[in-house]
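What follows is a pair of complexes built around chain A, which joins chain B in one and chain C in the other.
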Partner chain A sequence: MRMRMMVLVCFVLCFISSWAIGQEVRLGALQDTTGATSDVGKDEALGVREATQYFNDAGGINGKRIRLFQYDYGYRVPEAITTYKRFRDYDKVVMVLGWGTGDTEALSPTINADKMPYLSSSFSGHLCDPKKTPYNFVYGTDYSTNARGAIQYWFDEVWKKEPKWKELREKGVKPKFICFMDTASPYATAPIKAIKEQATILGFEIGPDQHVGLTALDTKSQVLTAKGFGANLVWHGNTTMSVSAAIKDGHVLALGADHIINNWGFDENLPKLAGPAAEGAMGLLGCALFIDEYPAKNRVLEYAKKLNPGIPLENRLIRTVQGWVKVAMAVEAMKRADKAGKLNGPGIKDAFETFKDWPGLKEYGGQLVTLTPTDHRYSSIVRVGRVVKGRPQTVMEIDMRAKYPDKWAGWLGY
Partner chain B sequence: MSFRPCGNYHQYYRQDHAWWQTKFVWGKMILLGIFVFYLFPNFAGMYLISIANVVGYTILSAMGVQLLIGYCGQVTLGHAAFLAMGAYSCVLLMLQLHIPYPIAMIIGGIVGGLWSILFGLPSARVKGFYLIMTTMAAQFLTVEFFITQYVSQIGGRGVAFSIPPGTVKIGPWMIKNDRDVYYLMAILVILFTFIMANLIRSKIGRAWIAIRDNDIAAETMGVNIVLYKLLAFFVAGFFGGMAGAFWVTSLAAVSPEHFHFGWSLWLVGVILIGGVGSIHGVIFGSLFMTLIPEGLKFLIFVLTQNPIFVNLMPFLPLLLEKFLFVKEAAFGLAIVLFLIYEPNGLSYRWWQIKNYFNLWPFSY
Partner chain C sequence: MRKLLLIVVMFAFVLGGMTACKPGLLPTEEAGKPKITLDRVEIASYFPWVDLPANTPLGLAFVFNVDNPSGYNVMLDNIKFTVSFEAAPGKYIEITTPTVYDRVYFPSKTTSQYRVVSILGSGTIRLTLLVAQAPKVQELKLDPAALIKDWYTKIGDFKFKIKVHEGMAVFQTEKGDIFVPFEGTFPK
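Presenting the complex of A and B:
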């Protein structure tokens, strides 16, 4: 009996001591590992954990250990809300790494009232205007700029140059463009206004939007509508799983159009899921693919093997690297805020806004980051990828500010 | 059915119909009131208050589902559509026409009710699986098509509508933090419960129950089943619309993603777990469906992050790697176990426990 009591006391003491608050910085991470976007969310969650461990091993936030509070919310908005409140009131984090567009946009008024910096995996252009969302930050080129860049790339490099479109081009036909997306998903719909505006600028004919659910497995009716319209280019606004279903259906039904995919739908899994149908598909890349060569690759591989050995490296995706990018950007902001003696919400926000051509993300294939108190767009550079011989790879980077200098300022918050 | 202490006799029908028939019950209710309006909001902390707000929102949302399924026998799988109509009506009235929140909320409820009647009309002709299909149509036509494609575009705000701080106020009372939302939620839950409980024991409620039990028999006894079914849809839609309008205060934003099909199914789950045909069931079901996932989330976090547990059981980190669905599976298992071992829901268990103590020591 006494022995049992002693064991119990030791256990309780160990438990308490392990949770004791020391010199630590609390960081919240909202993830979708089981919901509608878990096809990309699981891998990102791994990357976030591994990166946090790395930065802790490298000295944390100026010597303070990062304590990561990472929860899955299954892409359910009410659960995102309670989880955020948990971060704010119970875990008492200094900043949050968010996930979806729906919950990030829904939480935006709350986080602004709470002065909680929120670095989100949603790169919605709506979150980049500090006049409306001062505490929201993104770690990739925003969806709207990306979508404009992608369609620009297709027009300049594919429509105007590739023999596939020579006949139509010479006839002076306007390219026909159609959008596939989950019309009820703020993530999927966020860049639609921008991409249609860009399509109009480039002189495209725009077809009727097609609703494809985030978990869709069959998209034949949408593909047939696109075929009836005579689409030359299809924009896919969803995540990898439903995008691959749509591309396969397009292949089976001989749609004949080119495909451009938003960044959460374009990764190493696309050719695996869509097979030969994915060949030539274009997409947007926020950073290096996991299979690419990039300066921090050894570090990413080492921590992937060390912390999550059960997951084969060949199954890892660009999402892991995106997790690293997210944490690296958050860590830099927290370090700067800590140095300034203001490791709190407003301090971290101010620290983010001091980023000027910050090169820290180049190690992961990201861009130079510039953020100002009047513009939270991470970069104007759009990185376009393409599936070539079954393997996604970067084909071009376009600077949309340089290409449209007169329009760039007006696109803020679009 | 309830039991009174021995020797407690009623002399008037008023006493017989009173909600709280003994001083002991009055005492319990006063204590509950003190807990709900004073102790909990002042001492529970903001995290628990925000959880309570989600519980309250679930109660408000599921009340209409309980009315339709539990009391009137009209199965609905599209209730989120009526919530969405109420939420969007309320927000648009506030943002576009600057109508005060309480009026916008009531109009939101009425819009939800009228919208519900529209999709309740087929209930005059069809029932069972066909009615389920009709209510599912309400979900997809309303949220995925009407709201997403058209309503969301009003004012050029994009899909998500944000409500500027200071917009939501009731007279001089500004709803600005979770505690204010909590008080509003508590008042609404009490109001809804009061309305629902009184409706159920009125002529209308008896007609609904008669339709649920056997609609042909009800009709032969003179119940106008079309009228009462549509009334049930209106009241359920009104509750839904008000719930949607309440949700707006909690979040200061609204988007179609808040009212997806999964939420409609979730609400049916709430009443199945809590108990079909019971107002207590709505409350218990909402508590279960909100607190269990929250608890599981915390449990998974502790088990996978605490070095003591991880050292004792090195396989635990796999919960974040290969067995991500353990939380969801545990939750699903809990629902299945309830349906097998407690098909009458938590409210039935509550009723048994209450009667055990009421009849103690002669509880057999």
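Presenting the complex of A and C:
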């Protein structure tokens, strides 16, 4: 009798363990590796794939393997929508790693109706108010907070301190500010209202917006307009390729203004593409650059070599690290949801909202993450970088909540 | 004597049986790892050229030989590779990165063929050349629109080379995951 019982117990244990091993968690990822933002999208896609493999090797989601479905949608909103339907209806994913602002905002009503957690590479401030978009999450400081921080940094640390602007400063001249961005791109236009409001708070004079396409190679007419206005500072809202074209044209045409750049336009490629024209350019950083030193660097390098041995490491960018940040944040939420016995849309959303000064992203140079049921802004810390001697590097972190405590709540969803 | 003979015969049977049942190379051993080679590229679908910015589709099929020398069945979990077209002699430009997640089993000690179809569009290729591949296009002093038209015109006869690189196939086996890098060029 005792023997029989032992055999039965062994059989049940074997059955349970093989069932657990066989379980998998399905994760969808929309990527742009061929479209208008592929200059930054391809590298991020590599990071997502490599990070997923690492987390699987490290035990997955509490023993359950992550099965990643990663598809290129070429930055075409209709293709993002059809791919999402595949994720939802056939791949049966528990959450989606999204990409651009246009597609994330277009999909937002659907994913919220479907209760599908959606962690996007668009850090649009519009996605951070859970009253409007409860299932949208971002893995970086939102564009609007970042843009406010960038212009604040320039005003406090450059305009007020650097000899270049001493004469104008002492004359009491208002700094002149102008925005370069693809006016048809939801990504590029997302933080414009916020940055102009911040420019007004700081007492700037604002010039006419200049349309620079995401695929622009020649921006001379826009640069000449900025020069005619007498711009001291230009905001670049596009991705690295067109930003480098504008900075080079600014250099050639002796614009004389400083440059501040949104995070998808500022990386290791900027000085390579713009050359000496990029020197001194300032930009926003969501995490460590690939070339930086950070605690998880060995892991990132190991998996880059393991999964993509054909891609030289010198070609890799901060975007790879951003891919790791994205997956690390998703994995943490899925683990918490699984532990709570709710590895589904509402469970993952609730798990994200338990993040309180979560330090997991510090390993990748990210911020402490706090998310609540009423505020999905990832952090109030703005990390500013600058190209110094041909190399982008972090120069300062600004806490915008600490700097503007009375305004911070009102900036939600901006 | 007869007893001894019987024992020898039985031993031989057991040994023979054990040898016959030996599964052979492990898929995780270097010599037992699956190998992937590009057999050929085919035109899967072709449409008459329409000048840009119109988007002319082009379907390409990549046929791979998947060799499984091990004594175990292996399951392909996912496969991805980058496709580059020759833009100037010996100079390639990346066009797309197909990724497939269909699970397919490859029996032990077999070579099978596996086909990945990728649908391209001239408009998408143009964006790639203007953004991610812009530095290479500028370095080679090429006109993206003229280059794409040239590719579309010549691809039927494969008058330029198509390179498959950054290839990575992930196989799952009972012995663990196997990562198989691969690359190839067509025509050879």
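Note that in this section the second predicted complex is superposed on the first by the 392 of 414 C-alpha atoms of A that agree within 3 Å, B and C clash if a C-alpha of one lies under 4 Å from a C-alpha of the other, contacts with A are read in each partner's own complex, and residues count from 1 in each chain.
Everything below uses one rule, namely that a residue touches a chain if its C-beta (ideal position, glycine included) is under 8 Å from a C-beta of that chain, and two chains touch if they have at least 3 such contacts.
A quick note: this is a predicted structure, and the numbers were derived from the prediction, not measured.
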Under the superposition described at the top, does placing chain B and chain C together on chain A give a clash or a fit?
clash
If you stack the two complexes on chain A, which partner ends up touching A:Phe69: first (chain B), second (chain C), both, or neither?
both
After the superposition on A, what does A:Ile311 contact: first (chain B), second (chain C), both or neither?
both
With both complexes superposed on chain A, which partner does A:Val77 reach: first (chain B), second (chain C), both or neither?
first
Could you look at A:Asp39 and tell me whether it touches chain B, chain C, both or neither (first, second, both, neither)?
second
Quick one: is A:Ala190 in contact with chain B, with chain C, with both, or with neither? Answer first, second, both or neither.
first
Between 146-154, 254-262, 272-280 or 308-316, which run of chain B pushes into chain C after the superposition?
308-316
Shared contact residues on chain A for chain B and chain C?
33-34, 38, 42, 45, 49, 69-72, 74, 308, 310-311
Which residues of chain C touch chain A in the complex?
77-78, 80, 95-97, 99, 101, 124-125, 127-128, 130-132, 134-135, 138, 165-168, 170, 177, 179, 181, 183
Within the complex, chain C is touched by chain A residues 33-39, 41-42, 45, 49, 53, 56-57, 67-72, 74-75, 214-215, 217, 239, 241, 272-273, 306-311
Within the complex, which stretch of chain B touches chain A?
45-47, 50-51, 54, 57-58, 143-144, 148-149, 158-160, 162-165, 176, 178, 250-258, 260, 262-263, 290, 293-294, 297, 300-301, 306-308, 317-318, 320-322, 324-325, 327-328
Which residues, counting only chain A, touch chain B once they are in their complex?
11, 14-15, 18-19, 33-34, 38, 42, 45-46, 49, 69-72, 74, 76-79, 81-83, 85-86, 88-90, 102, 105-110, 113, 126, 132, 183-186, 189-190, 193, 211, 308, 310-311
